[in-house]
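Going by the order they are written in, the chains are A, B, C, D, E and F; count residues from 1 in each one.
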Amino acid sequence: MLLHLSTWAEVGEFLKRSRTIAVPIGSNEQHGPTGLLGTDWLCPEIIAHEAQRTADILIAPTFNIGMAQHHLGFPGTISLRPSTFIAAIGDWTRSLAVHGFERILFLNGHGGNVASIEAAFSEIYAEASFAKRRAGFALKLCNWWDLNGVGELAREQFPTGHGIHATPSEIAVTQWAFPDAIKSASYTPQIAASGPIREALDFRARYPDGRMGSDPGQATPEKGAALVKLAAQSLVRELDAFSREAVPG
Amino acid sequence: MLLHLSTWAEVGEFLKRSRTIAVPIGSNEQHGPTGLLGTDWLCPEIIAHEAQRTADILIAPTFNIGMAQHHLGFPGTISLRPSTFIAAIGDWTRSLAVHGFERILFLNGHGGNVASIEAAFSEIYAEASFAKRRAGFALKLCNWWDLNGVGELAREQFPTGHGIHATPSEIAVTQWAFPDAIKSASYTPQIAASGPIREALDFRARYPDGRMGSDPGQATPEKGAALVKLAAQSLVRELDAFSREAVPG
Amino acid sequence: MLLHLSTWAEVGEFLKRSRTIAVPIGSNEQHGPTGLLGTDWLCPEIIAHEAQRTADILIAPTFNIGMAQHHLGFPGTISLRPSTFIAAIGDWTRSLAVHGFERILFLNGHGGNVASIEAAFSEIYAEASFAKRRAGFALKLCNWWDLNGVGELAREQFPTGHGIHATPSEIAVTQWAFPDAIKSASYTPQIAASGPIREALDFRARYPDGRMGSDPGQATPEKGAALVKLAAQSLVRELDAFSREAVPG
Amino acid sequence: MLLHLSTWAEVGEFLKRSRTIAVPIGSNEQHGPTGLLGTDWLCPEIIAHEAQRTADILIAPTFNIGMAQHHLGFPGTISLRPSTFIAAIGDWTRSLAVHGFERILFLNGHGGNVASIEAAFSEIYAEASFAKRRAGFALKLCNWWDLNGVGELAREQFPTGHGIHATPSEIAVTQWAFPDAIKSASYTPQIAASGPIREALDFRARYPDGRMGSDPGQATPEKGAALVKLAAQSLVRELDAFSREAVPG
Amino acid sequence: MLLHLSTWAEVGEFLKRSRTIAVPIGSNEQHGPTGLLGTDWLCPEIIAHEAQRTADILIAPTFNIGMAQHHLGFPGTISLRPSTFIAAIGDWTRSLAVHGFERILFLNGHGGNVASIEAAFSEIYAEASFAKRRAGFALKLCNWWDLNGVGELAREQFPTGHGIHATPSEIAVTQWAFPDAIKSASYTPQIAASGPIREALDFRARYPDGRMGSDPGQATPEKGAALVKLAAQSLVRELDAFSREAVPG
Amino acid sequence: MLLHLSTWAEVGEFLKRSRTIAVPIGSNEQHGPTGLLGTDWLCPEIIAHEAQRTADILIAPTFNIGMAQHHLGFPGTISLRPSTFIAAIGDWTRSLAVHGFERILFLNGHGGNVASIEAAFSEIYAEASFAKRRAGFALKLCNWWDLNGVGELAREQFPTGHGIHATPSEIAVTQWAFPDAIKSASYTPQIAASGPIREALDFRARYPDGRMGSDPGQATPEKGAALVKLAAQSLVRELDAFSREAVPG
């Protein structure tokens, strides 16, 4: 069930069945010579939308802009500062909590978001902690590539050149979902270099085509299909387990 | 051209042809008994995506959560505070300016966003003003219902009961785009009441089913098709006019 | 009754009679070759002070600095950023609410303030909305030129060349109140140009003498007297109507 | 010369003669049984306006709301939080600096403002210090009761019962300026108690009628006249000395 | 008793005996040719740690970075902006209040901290004042040189050349505590100049070796020993008196 | 070389030899029945201070309060919110950058700090990225238990019951440094439970004595000595490698 295609009354009915919701969250940032700028928010959206076709779960709109300051040297990247990102995650969370959601799972598509999302969780929890009261909800961060079995499948599909940015697995997922937007390019070198991440100009100087450690040329829509199918199934199970957890109000 | 389905290099090429971009911006909030929660961000997204099918314009990802504090009494509404919203619009804008975009048009789908978006523009311009320098870019707010001819068409389609929230015109647009998500309900009264907008509990007490002044029952996918077609054409012309405006760097 | 010329006990007594207060709010910014820098806060102050001579209403001190970033290219302009403005309006409002004021009307004298004031209202209401409680007060924005009958009178007095900044109507109001500070200059052109509002350097380049669309040469103290008299009467009625509105605590 | 009764061109001319400006700053807060709520902003305004009648100095609009959180237990008090106050002082200062003012003297009327004003100065200077550049302007805080000779005169006028809040000297100043707003009451005890200042409820419990250490019954308009005359003269000299100080740009 | 060398259970036991805690607070900033960069946080730490050897008092970890923007022109200075400093003092205070501490004494070692600490207190108290509730705790600022008898001893030890920055008294205190870190240099002039404090480049230009009004050459470890002994005794008495004060919850 | 025991001139000299500095950073929070509240800031301080005895490295004062909101249910814990923590890390970093430090290594002692520190780095880098300029410095986060060889030694010393909070390794380090502050208690169960981390009341309910997964009873000063010795050596090598890295200005 997609929240944005539902009415408020339908969400009210859902809340009688479940207090759990999943929020796809990612980033809009360069993904190398062939990766889509939307890759990091499209992947969790694709997986979450697929998952809700087979289970009675609720998917929030996608939080599509994340922490991508290091990619600002490449056209098309849009980034929030961590402080803005934290404030926005807080408002999303407090909005959902107003309605009675007690378990909010952020299905994340961007490694660079992890620190800021966790900092945001602490910022939100701190309100309760300083006030000596229960939060009334539990927050969970789940990267789609960490969903049960997904990492193993990716390693099997791409034993070398998976890398950490513009990876063949994420590009495969978007290829499956947007076959009309598959791009091609030659990669030099075939597997990109890795190293530290700092400010945008430093990043562009180190990683001239935007990739880090990856060979996206291995991506195919078929591999993407397998990844999405598995990730969607795992997400359903993850939400089911999360839903069974007690959250004292 | 959709930015999120493009590579950074493609956006770099686009920037050689044009320095203008459109950002669909809306809100995720209750829209009465039959309106989709996503209505206010779906409408500008639908129109902008339609527009780019026929013209060489660039559409950013959709800014899908806006200022909807007054709707928080209805399940599914997600709102940013104005301060968070202003900070986020600032980061989107500064990101696009880094790449050289000089004219950024926000195609808005939510009346409640207008004040905060304009305040955000002033906040961003103020950085330049206090520093005694040119901004280097121009910001434009354009509500989709204010696009040339659209208001007239809506008044013709819905001479009574258009109202100001959960209007038949916006619901018609989403009906056209999401025919599988058309909802039905009986409305009591047929045309909802209007009045002031304050905090969420006050809003829910005044407007029990979420509508303000509207009769959404008049919406049809066909009327939505006409609205989208006209709005998309007007958006292309609006962007064209905006693109011809000089912006001193 | 002027709050700043009263004692706390007198305000305490007033609160037994009424829970309504008016706050003149404006901006200190250039107003063309002959307009006073204080025009936009003086006008609502003049009208509100006049109004309280004939009715038992309470007028707060004047909020005299607003959102005028676009005028910073002209000496004497003082501006708050929207974020600062919103924070300050919030603290004024929360202070008044502490004392039990339930209806706060901001009598505004600057068009450029409107978006930020409305954003401030939403920011304040959002505290209640996120906390699932009533605000306990109602906020109302009222531009003095929108007071009942005032716009009609101004259009009658100045059928052409009223414009939108450094208008003859606002200058007439200050001429009536400060006859010793009436300035004169020749205007070239007689009616200034209009256009978009962006950052300060852009504004000064477009509008070299500071006016937008106006011919302030038509202002006279007599016209100002008529405007003030009418506006003061309308303000009393506006506050009376506002006072009768129920505000659930 | 009063900035708010001048045109931008007149201020531009003034800047050719001087780069110094004075900003009256105070607070709107309870001042005991007979003191006006506006006392702390009226006093510096009265003195500064008097001073500019005899010298070519420029007086900004009055910053009329300050840090008065401890007085919020008494009706009519309006307070900014220190953080809001600091932000607003920053925007006033940066606005004046844009125009070329190099020496900004804040003539303060409220002891409770001192810490926040000094913190604001440090916040503003820190921008330059972190950027390794000159500020280009000098900020000076001057309490009106510290102007040369004023403290001595007040001690002579009120050898006992001057106290620290709702003092006879400040009340005398407002009595001189607003003879129609002189209030009377009996004081119990004649000289109020003193002690620490904490949150508002604590303050009201300690100081039930709002005074701290003072006997305002000694105030007369005549004493006020003498105080204003002396303070205005001293302010002119203070500004003159300040104006001669070099401020490296 | 040092909080950081205690367990949470031991602090829990202490809270049954006392609701009072002392927080050494200072700054890390240049202290002239021979003063340690840590002088301003080491002094209150030294005194507080000495005091707890003889009395059942609780000393928090040292808040070691304060408001030192004006010293940023000298290597090794680390400064918080006032806004950051205020936020951090707030979080320290709220943390201690969560545990039931009702009286928090900040033993300060840096004059430049005073305004920001007092502003921080007001910011914290304002939360209670705006919410119309008691704070539940009392905050006290105490500069170590203002502890009973300490100023007199310093004036006796250093009748001339004490000055206001890099004073012989503070340097003597650190000499006693860190005899291995005693530095020597010649001073030109022997007693440094004094004047205003503004941004960092201005400060360094005015005070080339970092001192203000002082002759640190008079410091000796023996004088430091006497200062520490007296200050520690006075701190114990100060805390004892503070502890007896009622704080309504 | 300890920065706080140096003069500004000595730091100036150091900067001619090296542009690298290490900042011990931790948290002041409960550490189970026997762990010191200061454990997480004492450990990196102990290691860093030990390291500088044998090498020409510069150690900043210790950043002793971190992100510990989840421990606020236990007396003595002091926590910054992530937003405050990020602001403070920013000011520390910008201060050091003013002096020309180009490589700043934060030696961290608290797992709960990691996300906020990384978010702070991104916040700082983003200033450069949005301004399209180089940062001029590189930031590195290094947990002391991740220093080369340290994790292996800890696993060897504590093959079971190391856990993740109040671990025997960190307690051993403090036992070595503060033998007079070694505490003892019986543990029930001997190895504590593990699980999720949320707000403070949830944490205390899950982990009643404060430990997570650990058996601190295995700690001895001797094991601590070995850990410190190894960690100090590794830190020197880490700083040496970091110092050799080029940082474009």
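Here is the rule we use: a residue touches a chain if its C-beta (ideal position, glycine included) is under 8 Å from a C-beta of that chain, and two chains touch if they have at least 3 such contacts.
Worth saying up front: this structure is predicted, and the values here are computed from it rather than measured.
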Intersection of contact partners for chain D and chain E
C, F
Shared touching chains for chain B and chain D?
C, F
Expressed in ° and rounded to a multiple of 5, what is the rotation angle of the C-alpha superposition of chain C on chain E?
120
Could you tell me which chain lies farthest from chain E when each chain's centre is the average position of its Cα atoms?
B
At the place where copies chain A and chain B touch, is the share of residue numbers found on both sides over half (same) or under half (different)?
same
Distance between the centres, which are taken as Cα means, of chain F and chain B, whole angstrom
47
Calculate how many whole Å lie between the centre of chain C and the centre of chain F, each centre taken as the average of the chain's C-alpha atoms.
54
Euclidean distance of C-alpha centroids - chain E vs chain F, Å:
24
Which residues of chain C are in contact with two or more other chains?
72, 79, 81, 83, 95, 98, 129-130, 132, 200
What's the complete list of touching chain pairs for this entry?
A-B, A-C, A-E, A-F, B-C, B-D, B-F, C-D, C-E, D-E, D-F, E-F
Considering only the defined contacts, which chain B positions touch chain D in the complex?
129-130, 132
Complex interface listing, chain B residues touching chain A
3-12, 15, 28, 30-38, 41-42, 60-65, 72, 74-81, 83-84, 87-88, 90-92, 95-96, 98-100, 178, 181, 183, 200, 210
Chain E contacts chain D in the complex at 67, 69-70, 72-73, 79, 81-83, 86, 112, 114-116, 118-120, 122-123, 125-126, 128-130, 132-135, 138-139, 196, 198-202, 205, 248
Hey, which residues of chain F end up touching chain D in the complex?
94-95, 98
